[in-house]
Amino acid sequence: MIDGCPPGLPLSEADIQPELDRRKPGTSRHVTQRKEPDTVEILSGVYLGVTTGTPIALLIRNEDQRSKDYGNIAESFRPGHADYTYWHKYGVRDPRGGGRSSARLTAPVVGAAAIAKKWLNQQYGTVFKGCMSQLGDIEVPFQDWIHVHDNPFFAASGDAALIARMEEAMDELRKAGDSIGARIDVIAQNIPVGLGQPIYDKLDADIAYAMMGINAVKGVEIGAGFKSVAQKGSVHGDSLTPTGFIGNNAGGVLGGISTGQDITVSIAIKPTSSIRTPRQSIDMDGKPVMVETFGRHDPCVGIRATPIAEAMLALVLMDHALMHRAQCGDVHVTTPNIAPPASPTSR
Amino acid sequence: MIDGCPPGLPLSEADIQPELDRRKPGTSRHVTQRKEPDTVEILSGVYLGVTTGTPIALLIRNEDQRSKDYGNIAESFRPGHADYTYWHKYGVRDPRGGGRSSARLTAPVVGAAAIAKKWLNQQYGTVFKGCMSQLGDIEVPFQDWIHVHDNPFFAASGDAALIARMEEAMDELRKAGDSIGARIDVIAQNIPVGLGQPIYDKLDADIAYAMMGINAVKGVEIGAGFKSVAQKGSVHGDSLTPTGFIGNNAGGVLGGISTGQDITVSIAIKPTSSIRTPRQSIDMDGKPVMVETFGRHDPCVGIRATPIAEAMLALVLMDHALMHRAQCGDVHVTTPNIAPPASPTSR
Amino acid sequence: MIDGCPPGLPLSEADIQPELDRRKPGTSRHVTQRKEPDTVEILSGVYLGVTTGTPIALLIRNEDQRSKDYGNIAESFRPGHADYTYWHKYGVRDPRGGGRSSARLTAPVVGAAAIAKKWLNQQYGTVFKGCMSQLGDIEVPFQDWIHVHDNPFFAASGDAALIARMEEAMDELRKAGDSIGARIDVIAQNIPVGLGQPIYDKLDADIAYAMMGINAVKGVEIGAGFKSVAQKGSVHGDSLTPTGFIGNNAGGVLGGISTGQDITVSIAIKPTSSIRTPRQSIDMDGKPVMVETFGRHDPCVGIRATPIAEAMLALVLMDHALMHRAQCGDVHVTTPNIAPPASPTSR
Amino acid sequence: MIDGCPPGLPLSEADIQPELDRRKPGTSRHVTQRKEPDTVEILSGVYLGVTTGTPIALLIRNEDQRSKDYGNIAESFRPGHADYTYWHKYGVRDPRGGGRSSARLTAPVVGAAAIAKKWLNQQYGTVFKGCMSQLGDIEVPFQDWIHVHDNPFFAASGDAALIARMEEAMDELRKAGDSIGARIDVIAQNIPVGLGQPIYDKLDADIAYAMMGINAVKGVEIGAGFKSVAQKGSVHGDSLTPTGFIGNNAGGVLGGISTGQDITVSIAIKPTSSIRTPRQSIDMDGKPVMVETFGRHDPCVGIRATPIAEAMLALVLMDHALMHRAQCGDVHVTTPNIAPPASPTSR
């Protein structure tokens, strides 16, 4: 359910489906082989091809769920999963498909964000881009966004040898019944200056909330991130010139408010918790057991995470664009915006 | 203003002042020499020594503000500061002391959190600890919490040579009119299992929001954080045994819900933006200018950040403790809690 | 979608359907003859017969919508309807079935409230009752709750002549193509003392919000309501005695917090806006037109409003019960509760 | 604290003080004789005479509190007061001045609303008016707004005999140590069409919430209110013509959204609960006691309620104006607004 979308935005399933297709399973041998077409239907909120301003309901059906795949885990707790915490919190556990903790619940996020992306693009020319910058211990140096769709990893690299090395690493992992983490970078280009709030709705705080809320994310950086620790102030602080900022260590956010530069975010995704390798655990009575996870799982959930991270960023930015219009809709300053909406072609 | 605090909690200024004293300026030569006693008064919400359940108002006065220190920056934008973004957002800028973007606004956070810390401690024996684990490019290996208060950096290290090296580095920076970043680690011990929500109030998402909302923070990690990227699933997933989890890569959160283990968080703090070194910038008309910042600034805002990060963690955990009681106040499970409230003595 | 329901509550469609049946169309000749079975399905949040603590999705399908019934109104604005306001707000208008302003959207409210009613009943023995106390200018003096289900009006009266008079009045209205308003009274019995907040979540304020949010409601009273205006303080203020309050002019709320007495609420429902009688209006260009509404409408929407008003009250009380447990879950006082949970049999 | 106010609004204490003066005690012999100057100071959020967009803190000090006046009520529960409910909710009771349940807390509401009134007036020419339409059983027929400030009751009547009768009634009550209720009508003129939401933020629901949240309010009506019950649909539904609506039974709200007509609201205020007449009650142990209230109380709190009700309406409307701009800031329709911003001179 998307509530609060501005009325009058042209919208159909064709605006949303391509984003879902980027995230869906089964696109290469390196991701889960579940057959989920993730076809989206718009149930409400659109009339004669435009949004009505009332809630937009999207429906994405589960098609290939096999509940039996999960039968053997109902009586024990899988390491790295939410089984133990749900059980203690609620005293009830619905083992079918991971329930609320399933990564499947990122599909509606991607669907909803397709609408935010379209609106932001129409308003400001905003564009979202994302890539994998690390797969396990393999770093993937950024070359150009143009490569992202030419390999199964969302790598912004045209280095065929590197891609081959990534493929091999994934094939080995799959054979070994193990999994690996990934680092994903996403950016938003052509964002207006002024989105965010000083304290309670800081733009970077809301981005961190959204990103850390993606399944399996364990770390979030904005701009220089953890590299800031070793930077000197004279290096980190992005200087201003009449023709633009020099550098973007800020990642497009200063004091909780967008600078108009690219918003740059990086996230750490842990290795998939569902692996075939047997591990120690306990059962519902606290007795020791060994747990193996069958079913069809991604050996690296990070591979499909790029569109999800873009989606989260888009949702946060659209919320802030509307909030900003609410409070500051008639502010005009004569000072030039030095980070104008001219899209850079690379990070 | 703290609204929603449970009634009946014994509370006086003496519970709050020590936390404020840990954060206040002027405690060593390595932090700002402003003389802010940060004395707290409780204005409401306490009667006959206990909380009444109605809002608690804390008052902390500014004592040593020298507005003239900021006079020279009213007409230009300091790199790394919120000047440019505030100006474009609001079309108005109050240059006195940084306004809403001042780090001074972390004082009330620390004050409020002192109440949360006391309540959590009474309910669950919860204890908060924090330390600096990196100062610029100097890593500070963890030895024991006992050392944190024996040096001006909140370093959990008894290595006198290391501390001396840190002091030298700070002295050099100060002379050079430059600044540096820091990494801070905080933990919460003795947290009940079950705090958090599956999707919209994930405990880790709320922690990320709170931490990224601290001034100058550019990165947040929970548990293994960015190290997860290179971990295999067989390594990262913390095994369960009848006597406890093996490892805490999860940082005490699985599926957005606390495991009962220590909550472990790490943050990156950028170098102070206010430095004496002249830098390029523009004025209100977009013309190039050079900016130097005088006034009395911390050469490493990270030094005073440890109590602030602990405070943010405490506020998030208390909110979640109350939310959990609302929904799940009568849940009982017979499965043993394998991460029981027995406090570890180190990380 | 119901989020935040405590886990472990036994729940099936059989708990919800009877409430929907009380509200559904077609139960007498005095209400709309649309054939909406309003059959509810639980899609999520229940496993093995109990709530899981995760969101409960209810699905109620539209079965008998005839969009053509509304075709003739797409180009003009019906008096008393939201057509004009939606059009000016959104610049887009979806004329099918009233869209978001349709009274049909009270069905999910009734469905959700069935869950709240069950939980409140299990926790506190809470019981909800409602009746029509006025139909147009016909006052319906309260006799006994027992009569409510013995007539098509939810009248708490066994006066056959009065019921006959109401039936006649409705038959005349229907012939005349006109409509009429109603007053509905609802109460909640066996509510614990202490629900509510002093200022921002006052129980009575939240009840007023919920009631005024029901389609067609134009007035809300709690306790003595507008009769309080002419009461003296010595009469209005309900005295306290060791065996209970004397009177309930407060309607069970003092200072925004429940007293433990019955919560009593009365609402005014305007006459149905969709009537066959032609009326003056304007079209989309502002030109004068005459508007008649065909389709199958309730000549008194108030007739079906009793279960809706009960539902709104139940939802507010359940929210407050959980909020109260969050903040005050461990408060104990030795002062006796003089409005104990012993259900009165009448108002 | 007012957060979210648009920046750039010229603001000083002189904009706020007159509203506070309308509400303050001691303006005639018919209200409490407490000497509260209610002088307001702006502590933050204003720089060089305009709002900065950051939180505006207003300070109004208590000057004439005599805590001893309340000493005798600490051990028993006053009928009609929140004593009993606070005690059971919190297990702690701060008897000084009514605490959070004091009508004194309406002063900041009036202060904050002065800012909303100014902004709404600048944007839309919005004007707020209010009057007392009933004092106990004395009805006060509306004549003209011009009279409101010519008598101590906010009566919109120039009927000297009627005013005299009201004065006598109040003098008698004061002698008798009793109190009485009142009905207050407020309107907002020159409100744009389109404020509100279809379901969760209905304008009328939010108004009802705000009004019922005022101390001592027991009923709220919008437009025809409870008179709607006896109206036929052909009478109630306000017809539309090219030159305006015919009638305003809707009270300016249809489907939760403003029509552009005057918003008209009526509220019932119960008699003051603090009266000298002794009444039955119980003490903290549940034992019977007699309670008399000394101190200086309004014999009709309704007399000072007019500016408070206006204030609540202004706050709701401003919130909705900003929310509307967020979502629908660029909607344009060519259909004429038939309730244009030309202020009527009477109700």
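Think of it as A, B, C and D in the order they're written, each chain with its own count starting at 1.
In this text, contacts are C-beta pairs under 8 Å (C-beta built on N, C-alpha and C of every residue); 3 or more make two chains touch, one makes a residue touch a chain.
For each chain, UniProt lists the protein as follows: A, B, C, D = Chorismate synthase.
As the structure is a computational prediction, the values presented were derived from the model and not from experiment.
Across B-C and A-B, it is A-B that has more C-beta pairs touching.
More than half of the contact pairs of A-C, counted by residue number, reappear in one of C-D, B-D or A-D; that pair is B-D. Spacing of chain B relative to chain C, judged by their CA centroids, is 47 angstrom. Inter-chain centre distance (chain B to chain D, centres taken as mean C-alpha positions): 41 Å. Work out the mean CA point of chain A and of chain B, and you get 26 Å between them. In chain C, the residues that reach two or more other chains under the touch definition are 7-8, 53-54, 89-91, 99-100, 198, 328, 331. In terms of inter-chain touching, the protein chains here all touch one another pairwise. Note for the complex: chain D touches chain A at residues 3-8, 53-54, 198, 200, 322-323, 325-331.
By the touch criterion given at the top, residues 77-82, 84-91, 99-101, 105, 134, 136-137, 173, 178-183, 193-196, 198-199, 202, 204-213, 217-242, 246, 249-251, 253-260, 268-275, 277, 279-282, 284-288, 302, 324, 328, 331-338 of chain B touch chain A in their complex. Residues 1, 7-8, 47-48, 50-55, 89-94, 96, 99-100 of chain C touch chain A in their complex.
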